[in-house]
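Take a look at the structures below.
You will see two complexes here that share chain A, one where it goes with chain B and one where it goes with chain C.
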Partner chain A sequence: MMLYLTTFPYQESSCIMGRRDVQIHFLTLLVLYFSVMEERNSTEETPRNNALAQRRSKSYRQSMRSCVEATHLAYTSGLLTALRIPRSRKAPKSCDITKQVDPDQVALLVKKEWQLSYVTPLYQFRHTQLKSYSKQLSAFMVSEKQQGLAIEVGQELGFKVNFSVVLGLAETDKDAETVFIQILSKQVFSAKDDAPKVVWSGWLTCVNGDLDYLRSLPLEFVSLPLFCTRGPESLTVLVKSWFENIFDCCFGPLDINSTNLQWLASLWTGCHPTINIQYLKLVWTLPTLPPMDVTYTVHPQDAWELWDSMRQVDTTEDSISIDEVTGFIKGLQSHFFRHFRIDLSAGSLMQISTALGSSHHSGKIKIASPNYIPTILQLLTECALLKMPI
Partner chain B sequence: MELAMAKSSNLTRTDLDSSFESQLSVSSRTSYRSLRLAEKERRKNQTGDPFVLALKYFSEVKAGTPRAGNDILKRNLVLVERVGLSRGMPPEAISVMLDFAMSLRMGGVTSVRVLKFLIPATVVPQEAVVRAVSWLCVGKIAISTQVLFLRWVLTVFDMIDSKDHIRAIYGFIFSFVTEENLSPYICHLLYLLTRRESVQPFRVRKLLDLQTKMGRQPFLLHLLSLYKVFYPKLVTLALPSRMRSGFKIHNSTWKVALCAVQKRNNGQVSSDISLSLGLKDETNSRKRKFHHLELPSLSSSIQSNSSSSRSRKVLSLEQLHSFPHLLDNLHCIELPSQMASLLGSSLALCYLDYVQDDSVFLRLNFWLGHALHEEFLYCSRDGSSGSSSEALHFLNRLLSTQHFLQEGFSSTEGFLYKFLNVWDGSLLRPQILGLLSDIPVVPSSCISQLLFEPLMQLFFTSTLFFKCSVIDCLNNMLLKWLTWHSVYALEDGLDISLNRHTPMNMTLSGFMDSVMELVRFVGRLATMGLQLEGCHSLLLSFILDFYETVCDMFLKYGLPLVVMPPAGVFYPALFSTDPVSVDRLSYIMYRYKKNLTSAKCQQQETKQAFHISRQTCQEFNHYLLFMVNCLWNSKMFLPGMAIEVDQELLVLSKVPEPWTSFDLNHHPAFLGYALDFHHKCWPERKDIDFNSIKAAKPWNWYLEFLFSQGFQGLQQFAQSSINRRSVAGISGQRGSQPTSR
Partner chain C sequence: MSLLKPFSRLTGLNTANILLVENEEQFQQKLADTVVLQEKTVNVNVRLARSLPLPMENEESRPRIDLVVFIIHLTSELSFQSAETSLKYLDPGYFQGKVCFLVTSARNVSVPPERLVSVRTLAASLHCPLLCAEDQTTEGVTTAAHRLLAILKVAAGLVPMATSLYLSTLTRCTVPSDIDQQNFE
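What follows is the complex of A and B.
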């Protein structure tokens, strides 16, 4: 049974914000979905459970730091370089991406939900060989689909694979150009003249990748750490195994942890003056038994004002610090606590969405507006690079 | 002529007789007779061998000679057949008979019979096979005979002296592939003959055409999969697991005879009759969704098959079959597409050891790091539960690989630094600690953060056995570092000057700093561990193991560094209740002395500034003095000693003569021995007085008695550090002569 609660607009003083003496029109609409029968006041117990659940990721961050420290030393033939978890970022600037990138190609990337993976650097990947890769991959797909039937490479087959370069997404000259892959297939019952349908698409990208890391790689390696896919899982598996085979790389799932979701929420909220984000929706999962999902939707203007109040005056205009982000989320959480006596910080942030895009903890992202593509991709590239084993 | 006829007819008769008889072998008379005949035959060999004559007949006989009722043919055929089946045929005979059979000069039936007894004694000349194939092209031979011939070639393939001429007619042989009945055998033969240069796009297309006609025939697939090995750019194929067993074996007709002949020509290298594919027949019955721990299989890469390497003769690792083969082809080996596949084959690992290319190791490290991270750190969506046996297997393999290569992978190292922070200390403990002991020298600036802090946390919160295994692991780590250093120093001609650059970008002083840090860390661990565990003798034993390594760093490994154990280790070992610990401590002190003395000597000889500090020597002298005074001179707790106890406190304890309580005759560890000695010395005395051992004569006997009980360390210590004269004088002038200063 679902409980549907709506509170009405109300006024609240900014005591939770503490510093600024501004009245904020806050929370025009608040919607709660409870997956449990009754509202539970579980703030007492949850932090304890949560501490256990969080232990892994917390210590992981620690271990990450220790590895970071280790990497200054270059005692393993200069391979390891520092990868730092950023404490501040540039504020997103709306830019017309279509000036740099072919609008048709941009259209392929936006308004679709992509499943994210990370890839270790590709060995001997060449942007000049894309045609031959297309042939190889399509032959590989067919031969894997029809186990035990040898396939000539280059034949016209059931699958057609297109490799193409998306020029212009790379920000620095160390970033490799983005590669877009499409798999087209003729439907079994289609007419002869029907154009083949796109059954799978995916792309490999690197936007503003860590320069030290990219520089430390030998020339034979191309780092395109972020792999976005869309289509049947079985095809994704095949494509991945082909890449692993040919370029001696490894794929792993890329999840977007709470911190990065918070970053995304803040970045997107910060865009509100330029583009109407329409809503800010956050989904938390609380570690109760059974788990409780909380969906929290904030009016865009309120969200923006809270965010603006968090922005520290002394910092330069175009940089955002992690403290501001956590402050923003804390503000949202404490407001929620006032009303429902549920401490959201005990749970984990699973999903956020605005009109600009949405993102899920399990590594799904959808970018709705082309204007902020580079910002989002830079963040995701960072996440992917942090997953690199060396 | 008539005479010859008669002779030969006679020969035929006797031959027939003998063969008949040998088949039956009934009576001794006949066997005697056959022996005699054999003798006769051998004599004939020198003059005019009927076998040679028979061969001559077959080489010269004209086509169309009638077969029916031809006694000469019959006789010669039997003769050759007998030789073939019993001793095997010499190369030239094979050549003649094969040509005779394939030319069909006396009809198909004879040909079949000949083919069936073509057992080579040594080798098969390739020219014979080439000529036979050319007869095949004439196309008059019955299909069944053709099949028989091909089966024969496959059976004796390894005995063909060389194959280059046969490879030269690859195209001709390939043309038979369309013959429906021959195609399985032709494919097999082609499989054996195929080289990189034989793989051509038109051949691939032909085979694929055949595949569409005949369906998924295993023989076609096997040949195609070999083509794929050479040119993955031309053809691609996924072999289902049930098809991975290889070609059928067709040697049934000759198998028994061939084995018999080979056994007879004893000890000859038998041809490997079962020519089978070297494909992995491991059943991939994995149910895991993400199998990052599964090693990829060796397969050649598309990348390196570019035109530049087409001209060069290259060999992919999957074609290697033995170590000598690897050695012969070391210069032209092609790396596989996925470097991780090297981990699965020991031959490939040998090659890896030889490879210098950095990117090879980088690729391997990416894979390995990824596998370790996904399995143990990210624990991605599939969860790592229920696969512990797989993880165990994987880590064991990694360990044995690292031991084989005698170095740790950098990805393992990076992984361990992270993993130590989240490890519970029990998951796969032997493997993790094994990997940990393999890590290369860690710079002293970060060793504490990377290694010591996480280890310390685990150490103090874990069981005794974990503590022991941590100490053991650190001991192994130190041993490996020292070995690495000594090998490296040796390569440089034992030049132990400071600031020399090692391959790891580490100076000697940097290395020494790291070793120093490690030894001090273990000292701290050991001190605390002994306190926590109440000086458990098992833990003490592992700690003493460690100090046995430490005390010999200068003499054994050429590292000019001496670090003394902390008091928290020295005194518990000295006052330990088991004699083994005291004995081992004595041995360690003896080795310390040896190292310090020779270091001192070297210092004086070379006039070099030496980095054994005054303080180390002082520490050593302190320990030495204390040990001698305590064990030999009964001078414990006296003013001016290392351990001073307030006299009033000692009085309060009401222990009579407390300063004697840890000398060798009162030491709790040696109590049993002292008692035993006392009984043996004064069997009549009822009241036991250990002090009586202290008298000059019994004391020396007592020491001898102890040494005879296997306390070698004690003996060596005594011999090196105790002045016998002063020992004799119980009254106790200075018993020891600290020599290292």
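What follows is the complex of A and C.
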């Protein structure tokens, strides 16, 4: 019996477990041994059965796999990305976002053009300490501006920073709440009593992020992968450097590649029955000498009919697949080829715009209608998560 | 259909012939010049084409092609499609190590990752090597030329104890199909 107990933990440790697990196991078995002297507990017998050993290693492998998928640098752009790139999406439903989010805050987000970047997870970012973050950021910005050059009176002094939370945009439990940042300062020639104007605004968000990835993050990290900014580049750089110093994260530019632009074009065209998109404009750049830009504007009803014909037989189904999207764009391209003998697939898609919003390849997005915000943000969050090096 | 056949002619002495197929016709010229300049010991003939099938007029004067390289620019969808359609005009004997895929701008951010994945699956299904090249800098062109020459010399039979089929089993592109097969232990 005693011999049996001592050999059991060592068997397991030779496979996968570390020293600590061995010790815990040993202690629990000792407790069992002393408490139940006569009965043989089934847990003591199971190491003879190979099933337990396999089951344990499989669950460990699965949990390791989710971590490795997210963190293994060699795999992020390549095989695992291919498996993580979504091949189908849910059709966007028009939802009244004002039910979930404060209408004033929604007004801050729509109808403005945002420049996108991705952010790696933030270490020890607390939503409760936003006031202290505001003070720290404004002090940081004032001190940065005062370095070096002579101090100019007026605009440089008196940066006021406002951190606020936009509740309601997060879709799942794992999404962190959106954080909105505004930088206000007095204009140079303003009167004394004038309110300071917003010179820069930005927001960090995560909408419907990949659940496996979010679950695999350690507890101290908050993931808000999408960062949207609007304002002078100098202020953006300062804000990013402050975040990098305090929360140990990295920023990077988020380009929207042509596949995602095609997704946006199809999703917006699909919304035509509920909201008139008024036009569908696509801009391609062709690699001719000199490079040629082609702006292709489609009448909304024609675009909608083409999109509808692409949707497979079951239009009641909720999901749109990538084949329908590529078919839609190929249809537009072949129509263009038939008239102008220019094959647009030789070039790259740079920009798409409709009345519902516009998006540029370099990472600019403008959402004009508040109804489809969750879908667009979900797509952009996915882009940010895929682009992140971790 | 006029298939390009690998063994329909005799080889020349100490010669190797390579065919570069590229739809855009911009990288192949630079690559051809570099390949010819780099190789001193072997006579290398580089033939350029936009797509297959090759014109019938040159059928008689064309020597035996040892290696066919498909140059695919990932920035345009058309490049990949034209390479795919050209593959039909190759005799199956070429797919035993005499075909190679060369991909440019694989690191470009504007390229959707699905395109590289589809090129990889194509190369893996044909058991061909997939090389990534940097076509904007001279070092990149030189490196690509160096790699192609290494494969070319084996394909032309100029390396003793190595055949192109043997080399292709070592260099061919693979796409692991299932994560479960990966072993973390």
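As a working rule, the second predicted complex is superposed on the first by the 294 of 390 C-alpha atoms of A that agree within 3 Å, B and C clash if a C-alpha of one lies under 4 Å from a C-alpha of the other, contacts with A are read in each partner's own complex, and residues count from 1 in each chain.
Heads up, the rule we're going with is that a contact is a pair of C-beta atoms (placed from the backbone, for glycine too) under 8 Å apart; a residue touches a chain by one contact, two chains touch by 3 or more.
Small disclaimer: the values here were computed from a predicted structure and weren't measured.
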Can A:G347 be said to touch chain B (first), chain C (second), both, or neither? second
Name the contact category of A:C250: first (chain B only), second (chain C only), both, or neither. first
What is the contact status of A:T259 with respect to chain B (first) and chain C (second): first, second, both, or neither? second
Partner chain(s) touched by A:F140 [first = chain B, second = chain C, both, neither]: first
Report for A:V110: first if it touches chain B alone, second if chain C alone, otherwise both or neither. neither
So, does A:P121 touch the first partner chain B, the second partner chain C, both, or neither? first
Which partner, chain B or chain C, touches the larger number of chain A residues? B
One more residue to check, A:A91. First (chain B), second (chain C), both or neither? neither
Chain B and chain C footprints on chain A meet at residues 64, 69, 77, 79-80, 253
Considering the complex alone, what residue numbers of chain A touch chain C? 15-16, 57, 61, 64-65, 68-69, 77-83, 85, 253, 255, 257-260, 287, 343, 345-348, 361, 386
In their shared complex, at which residues does chain A touch chain B? 56, 59-60, 62-64, 66-67, 69-70, 72-77, 79-80, 120-121, 123-124, 132, 136, 139-140, 143-144, 147-153, 218, 220-221, 244-246, 248-250, 252-253, 362, 387-390
If we count contacts the way the header does, which residues on chain C are in touch with chain A in the complex? 24, 75-79, 81, 109-114, 117, 175-176, 179, 182, 184-185
In the complex of these two chains, what residues of chain B are touching chain A? 204-205, 207-208, 211, 216, 220-221, 224-225, 228, 232-240, 243, 292, 296, 299, 301-303, 337-340, 358-359, 361-363, 365-374, 377-381, 410-411, 413-415, 417-422, 440-443, 445-446, 449-450, 504-506
